[in-house]
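Can you keep this structure in mind? I'll have questions shortly.
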Amino acid sequence: MTGETLLALLVCLPFLGSLAAAALLRTNSRVLAARMSGVVALAGLVMTAFLYPAVKRGPVRFEVEWLPQLGLDFTLRMDGLAWLFTMLITGIGLLVVVYARYYMSEEDPVPRFFSFLLAFMGSMLGIVLSGNIILLSVFWELTSIFSFLLISYWHHNAAARDGARMALTVTGIGGFCLLAGLLILGHIAGSYDLDAVLAAGDRIRAHPLYLTALVLILIGALTKSAQVPFHFWLPNAMAAPTPVSAYLHSATMVKAGVFLLVRLWPALSGTYEWFMLVGIAGISTLLLGAYFAMFQQDLKGLLAYSTISHLGLITTLLSLGSPVAAVAAIFHMMNHATFKCSLFMAAGIIDHETGTRDMRRLSGLLRYLPATGILAMVASAAMAGVPLLNGFISKEMFFAEAVETHADSFLDRILPYVATLAGAFSVAYSLRFIHVVFFGPPPVDLPKPEPHEPPRWMRFPVEFLVLACLVVGIIPGMSIGPFLHTAVVSVLGDRTPEYSLAVWHGINTPLIMSTIALVGGIALYAVLKDYLARCDDGPPLFRHLRGQRIFERVLVTVSWKWARWLESRLGTRNLQPQLRLVATAGLLAGVVPLYISGFSPRPPAFGEVDPVFAAIWLVGSVCAVGAAYQAKYHRLAALVLLGGAGISTCITFVWLSAPDLAITQLLVEIVTTVLILLGLRWLPKRSEKVDNSVALAARGRRFRDFLLAVGCGIGMFVFAYAIMKQPVPDAIASYFLERAYSEGGGRNVVNVILVDFRGFDTMGEICVLGIVALTVFALLRRFRPAPDSIEKPEQQLIQNAFDAERPERSAGDTVRDYLLVPSVIMQWMFPVVITFAVYIFMRGHDLPGGGFAAGITMAIAFLLQYLAGGVRWAEDRLRVLPLRWMGTGLLLAVATGVGAWLLGYPFLTSHARYVDLPLIGKAPVASALLFDLGVFSLVVGATVLILIALAHQSIRTHRVRAIEASKAEEA
Amino acid sequence: MTPLDHAAGLPAWAAILVSVFLIIGAGLTVIGTIGFVRLPTFYERIHAPTLGTSWGTGGIVMASMIFFTVLATRPVVHEILIGIFVTVTTPVTLMLLARAALHRDRAEGNPDVPSEPPVPPSAAVQAEKA
Amino acid sequence: MEFVLALAIGIMTGSGVWLILRPRTYQVIIGLSLMSYAVNLFIFGVGGVKSNAAPLLGEGVDIAALADPVPQSLVLTAIVIGFATTALFLVVLLAARGLTGTDHVDGREQPK
Amino acid sequence: MLPYPLLSLSLVVMWLALNGFTLGQLILGSIVSVFASWGMAALRPSKPRIRKWHLLPKLLGIVLYDIVRSNIAVVSLLFGGGGHKRRSDFITVPLDLKDPTGLAILAVIVTSTPGTAWLEYNSLSSTVLIHVFDLVEEAEWQDLIKNRYEKLLMEIFT
Amino acid sequence: MSHTILFWSVTIAQFLLAAAMGLAVFRMFRGPRAQDRVLALDTLYVNSMLLLMVFGIRSGEVVYFEASLVIGMLGFVATVALAKFLMRGEVIE
Amino acid sequence: MNGWMQHLIVAPILIPLVAGAFLLFFDERQRVLKAMVSVLSCLALAAVAITLLRFSGAEAGFQGVYLLGNWPAPFGIVLVVDRLSALMLVLASVLSIPALVFSLARWHAAGPHFHTLFQLLMMGLNGAFLTGDLFNLFVFFEVMLAASYGLLMHGSGSMRVKAGLHYIAVNLVAALCFLIGVSTIYGSVGTLNMADLALRIGELDPDRRMLLEAGASVLGVAFLIKAGMWPLNFWLPGAYSAATAPVAGVFAIMSKVGVYVILRLSLLVFGEGESAGHGLNVLLYGGMATILFGTIGVLASQALGRLASYSVLVSSGTLLAVLGLGNGEVTAGALFYLVSSTLTISAFFMLIELVERGQDAGASVLAVTMEAYGDADEEEPETEVGVTMPATIAVLGTCFAAIGILLSGLPPLSGFVAKFVMLSGMIGAGVQSGGTIPAPVWWIVALMILSGLAALISMTRAGIRTFWASMEGTVPRVLVMEMAPVLVLLALTLMLAVKAGPAMAYMEETVRALQHPAGYIEAVSGARRAGEAAATTTAGEGD
């Protein structure tokens, strides 16, 4: 197996393992999931080890094209640094799996846990192995997602949920910024390939967008590594199960940020901006983290703040821009991982055995947990920087670098003091951890009263890590030395400095600083000891300044309260403002381009006004304005006036040479009027007296609407006039006129356009009508009248009462007499209108008319019978099956169109010819007529369906009432 | 635009006849609507438009028939259909509308309209038997 | 001719816009109808207006003098679609009235 | 096949009036009229029985004449003529005609004639309420309707 | 000659009918009762029909005839519905 | 592609039409038959669409122009299949199948004629994508809208009808704008054919050009309403969240139709010449405002349905703003984003229904209020033993998480790739052009990041509330038939992410073709009528 495939397998294996573990979700195989995870981690470790010889020679690359045109490829690349981190991730991963196998409760659904853990491991490996910076950001985000899932593993606990969400939000913000930063970086470098980016360092640092990219990338890195001011999520993430804390929040994920800084160190570092930004973040984190750690009462809280502080240390080192500092940074990342992970595990054991992590309740555990206690002590000592442990060496390197001058700024000047002070804090909290937990009197009322040593294999990981601390601390050059060197060379290349990992460098400034820190730390603890035993959680000055609370409050305020306020301000759920906006937009869209381009309307020529035509529109305008005026209180009047405007429109169509339009408009108007009347019955009564419009605001609104209406009116007027005065360029019109007869076989050009040239439009149009009819039908099937319209109309009540109170009359006499004579005439009109419909249909192709007009006419014939006799009478006699008409119509239209295929022509190609018929002579037969028949059929069906559906509502409520009445009688 | 160029060849007698019918028809119609506007009560007003629907329409139908018949030199009679339909349908609307008005007036207790007609005794007796 | 027609279009648009901005569903449907009249006339008008030049072919008809048939066919389609949507809107407003008890466009009487 | 021959015939005539007379149109019109009269048959209207065909033209003549006359009368009334103060009022006319078609024709006649309007038919009392534009003598109008129109109609129908 | 006579008579007739339409709309706007408005609409329909017929004479084309016929034959349907609405409070029972 | 194959171009319109019409002959009791016909139709649509996509992508000499009625362009109506329309066809049909299958579990029985309306919606969508004629576009818009009205109110109920009323009212006014726009364009150019319009726009005199631009702007308003640009989009959250789940699932593509048309016309008609770039600024700033508004809405939404609806707005806004930049590479990214976000949102709407089935309505409101004011949840006892999730919840939760990941643009699904390709294009253009990135680009980048973040915050908030906080909720009864569609859609997003390379290659080729409309114009104006000898067809034919 080659190195490349090993590399790919290394990244994929954890994900496959994750899926496999997820598949175990339904089973009870807890142990199986743990074993499988262990095998995966072990396999990763072994593979990594095998890769070392190749990596030592130079980076191993694995490439698969993903989005090559944009430079995003699935490139994996293992160099020394990546190798070191891979070892860390897989190695500690293995230990954590072993630990978790015993840590997690018997009842826990652990397959889920291991599934997430393995996926996280894969993502983390992805980060360190990415050879493409965008791919890196992909894995970066994946670690955020899986850490969210891991922290919230016990999601029934509010703390876990909140902690998880905060971690995700903070690192998510960082991730988005990181992506943007990396994009800029990639474009400056001309490639997203890591090697190319690292090689383009000079160009990057000189680019005007350098600072932008730097800031964005730093936000990503600093949030992930919990640096001030983004540190607050980490302590809250401690709600996670301890293995998660040990793995993610000490050894791996929080290292991703500093890892990235190391990774991009050759490309980004060395500038003043870098020094200041990274330095300030690092130094403040170093100090504040250590300070906060001293005052924690929760074991994991202490470790969390300690982690923050140590990450600050690493960041500070990286800020310095000196190669030796970079070496120290890499080295300290490893060291911190080992001792902090072991400490978390130890804390987990303590928690597991005693049931609490509160240092105020813990005491004297050494007698119960001697082995764990000793291990914790060694690890703590490493954390405190005690000689002969790994933490000491890297800390010495840090102190050495702290006294060097790098950019000659105030940071340089304060750094030695800060470093020493932080060192002292670190000693103090380490000491406190050991002293409080393991020494002193035996604990009283622990949740679990009899603590004892954990199972053998649960302690094993701690033992192993502590051993590593010792080995590295005592013989650094023989243990980690070569591997560290490979890593350092991979980062620094030919800038690799001379450095020494020796334990003893003689008495020098760093050693003096260490001594001061050690002594100062012990003294500090001695002073604070009693206070700490009693005080509340958190440092004195900042106790109430809890990052979590602030974050939650800010988040709720911004993302919820402000958002809701803004949503209601910037949007609306009411219709009127929406239509107002649409009207305004339409007006502006028409006017602004004309205004910008300097359009000047032509002056009107009054000479050509036909006075009769003007009179017609005087009538029409009065009707339109009258309808607008009356529509609120006098609905019927408005409807009648609307009819007046419609009639004027009709006359206009005739006047201006559009007889087809006139006929269609008239027929449509008749049906529309009846439709609206059918609906009017269900609207609430409205009387003018309840006018509440005197309010000033309402008047203001009306005035605004009035202005808008006038504006739209004037706009349309000007626009219409301008365009009517502009003769249409004859691009297509004459084509239709020329060929309607010769090729379309009809003299009515409009009809030929409708059924032939643009028959496809007509097909769509009848579909619209059909759809609407179906929708109307569906809606009315569920129609439920408002309570105040269920009762019969007042007129009917009066007339029924009249019939009822006279002995000689029976119910319904009034209406029977009312319709007796008219219905006779209306019935006799039925065959007449049918004949007329056929007439309109037949002549359509040559003269005004056509399928649509005929269809509506036919529908009116039916409507008339419903008017004359009512629903029951009409349906007793006429069985109209509207859906059949509609379906037939649509299919007929399509079939006509498809028929052309048989002759090798496109859809809707028409064929017109004259046939000789006996007695009659030549008669035109056009396939378009068949199409028009389809239109006719659909229009009849749809119109009748709409009308009938509406008309049926009256008798439906009658039925409901009848049922109710009979029920009341029974009762 | 000069309308009626097509009518230049129309014989004078036809032109006069057409004109007379046109003026009569349009005149009756407009007189009807004047009455419609001026008359004081609804029941009086319903009489006015019937001028338009009877001989108002008749006049213009006649004018149109004569005009096109002479112009096309063959009988053009389809306008008669308009006359027939208007004559047949107008009473329907008037009847329905007037009866509706009657109801509304009665419901409001308007004293100017007659109440329901008295029932002859025979009918009352029959109803009681039933 | 054009002037009168344009003015008519303007007045009907204005009346329609005023109505669609009103709070009652009935006002809106009347407004929409008025607006669709206006728009139909507008479409019709863009072809240029000609009197007594219906696009009907016969012997001796001068094609160049005939009215543009394209806008006419567009208006026909628009009329049909307008008819359909008016019917639909009517039924929806009835259904809304039935379900909410009010004929206010927002389905409640006093919008805040 | 032809439930209403007179109707079918009228429809053919209407068809020809609309389309012009050709043999083709006659055939087409006949087909259409057959279908249309089937439509009418579906409505199951009360079938009118026309006994005396020859009286129809007479009725038509009378009505046309009356319409012309009352047109003139109403126009002169509207212009303040008529020589007396116009009084319009309602009258009730008892009718013997029961056939709905006959009643419909009577209603059409009364209403088409300017000056009279058919308002309300009461089937129980067999009376009709008529509004008269210029009511000089109530009995005169009753007589006009009963004897001039109803009698003729009774002869044609039943 | 014929042309002049016809021109004037057609023009006068159109004016008269347009005036009639105007009067009908006046009544429509004014009311006072719903029945007046409905009757005004019916009148407006008839007047428009006549106007279109006169327009047919003016243009010498028979193609506008159908529009008039539609009004003559079917215009009453809307009015019937309106009247029935006034009488019964609903159009189809 | 000749002979019978040629007719495939019209098939995406005819198949649903025939299916829909055929179903009218059966009454509602024959539900199984109706469902089968409907599903078959959608499968056929997908097959046709994929075939067309392959033709439009692969065959060099592909002339995807169909002369309806055999009338030559610009006189008759033409259908045009190019890469863009083929892509949209595939997207629509691919979306329709899951939505339809989802509906079969329950919703299709909630009212009459569901399947006919569904099929006709597909017809409208496909017609809008295929047509090369402005007025025909109006007709298909109306078909689509009419069907959407019916589907939106399918199942009736106060919420849907109220939302439907607003939706219809706004869209009716939009339709009027559409008509005014189209007729103004006809009045100033004299043609309705899009390719012909592009051809003639160069020769217009100034007055006509002004009118044309005004007409195009009014037309644009109609499309922007459809696309959901702020402040013309307030109808959308109400309508989309009120619709039943499968309906909202197909509605996901409806707002994209507006975007599609804007993209098509702006590059075809206003791509070159004097009117070039007309209205791009409106798209840019309007799009940005829309992202912002959508983001605010995503944060402010209590109900999941509204959250999803506002996500539609974010998606629309992003597309509009990015199109407003007028940068080809970014536009290709936008197409990728269009596909990705449509699939996501469709899946989301359907998932919401399943998720909310197990909840009582008041719970979500209460949870948010508690979060805003209460420290109440600190009272809960903490136990360090995990809770076993029922499998249904686990699957739902996983899907929910996947959608959250997609909406916020996190890896590994296609949402990330989409965001990456757009950002990369925008930033790249800035960096390469001398190092300064223009302010609008910064704003879009910032807004995109912000919107992703808002989605993240909102989705975690909602997800925690739904899946973790309230364990009292009963486990919803979810059928495989309902779960599978969501899973399929999500799998598609995964596939899209994995196959990002080929997918983006298609998008880039598409945009290249759009940026050089000459090919489109030539294809349309050079399309030959059937039965006409090739030699007789000349360029000037028909003039």
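Order of writing sets the labels: A, B, C, D, E and F. Residues in every chain begin at 1.
In the analysis below, contacts are C-beta pairs under 8 Å (C-beta built on N, C-alpha and C of every residue); 3 or more make two chains touch, one makes a residue touch a chain.
Just so it is clear, the model here is predicted, and its values are computed rather than measured.
S.K.: To reach chain D from chain B by way of touching chains, what is the minimum number of steps?
M.R.: Contact-graph shortest path, chain B to chain D, evaluates to 1.
S.K.: Taking each chain's centre as the average of its Cα atoms, which is closest to the average over all protein Cα atoms shown?
M.R.: Central chain is F.
S.K.: Name the chain whose C-alpha centroid is most distant from the C-alpha centroid of chain E.
M.R.: Farthest from chain E by mean C-alpha position: A.
S.K.: Of the chain pairs A-E and A-F, which one is connected by the greater count of C-beta contacts?
M.R.: A-F
S.K.: When the centre of a chain is set as the mean of its C-alpha atoms, what distance in Å lies between chain A and chain B?
M.R.: It comes to 68 Å between the two C-alpha centres.
S.K.: Taking the mean of the C-alpha atoms as each chain's centre, how many Å separate chain E from chain F?
M.R.: 49
S.K.: Can you work out the whole-Å distance between the CA centroids of chain C and chain D?
M.R.: Here the centre of chain D sits 39 Å away from the centre of chain C.
S.K.: Give, as an integer number of Å, the spacing between the C-alpha centres of chain D and chain A.
M.R.: 74
S.K.: Quick check: what residues of chain E touch more than one other chain, meaning two or more?
M.R.: 14, 19, 34, 38, 40, 58-59, 63, 69, 73, 75, 80, 82, 84, 86-87, in rising order.
S.K.: Note the residues in chain A that touch 2 or more other chains, in rising order.
M.R.: Touching at least two other chains: 573, 575, 579, 583, 639, 653, 655, 659, 680, 723-724, 728, 732-733, 736, 758, 761, 765, 768, 771-772, 775, 779, 782, 795, 799, 808-809, 818, 821-822, 825-826, 829, 832, 847-848, 950.
S.K.: Indicate the residues of chain C shared as contacts by at least two other chains.
M.R.: 20, 25, 28, 42, 46-47, 51-52, 54, 56, 70, 77, 81, 84-85, 88, 92-93, 95, 99-100, 105-106
S.K.: Under the stated contact criterion, what part of chain E meets chain C in this complex?
M.R.: Where chain E meets chain C, its residues are 58-59, 61, 63.
S.K.: Mind pulling up the chain A residues that touch chain D in the complex?
M.R.: Against chain D, the touching part of chain A is residues 808-809, 813, 816-818, 820-822, 824-825, 827-828, 830-832, 834-835, 838-839, 842-843, 861, 865, 877-878, 917, 919-921, 923.
S.K.: In the complex, go through chain E and note every residue touching chain B.
M.R.: 1-3, 5-10, 12-14, 16-17, 19-20, 23-24, 26-27, 33-36, 38-40, 42-43, 46-47, 49-50, 53-54, 56-60, 62, 65, 68-69, 72-73, 75-76, 79-80, 82-84, 86-87
S.K.: Using the touch rule from the top, collect the residues of chain C that touch chain E in their complex.
M.R.: Within the complex, chain C touches chain E at residues 51-52, 54, 56.
S.K.: Help me check something: in the complex, which residues belonging to chain D touch chain A?
M.R.: Result: residues 4, 7, 11, 14-15, 18-19, 22-24, 27-28, 32-33, 35-37, 39-40, 42-46, 100-101, 103-104, 107-108, 118, 120-124 of chain D touch chain A.
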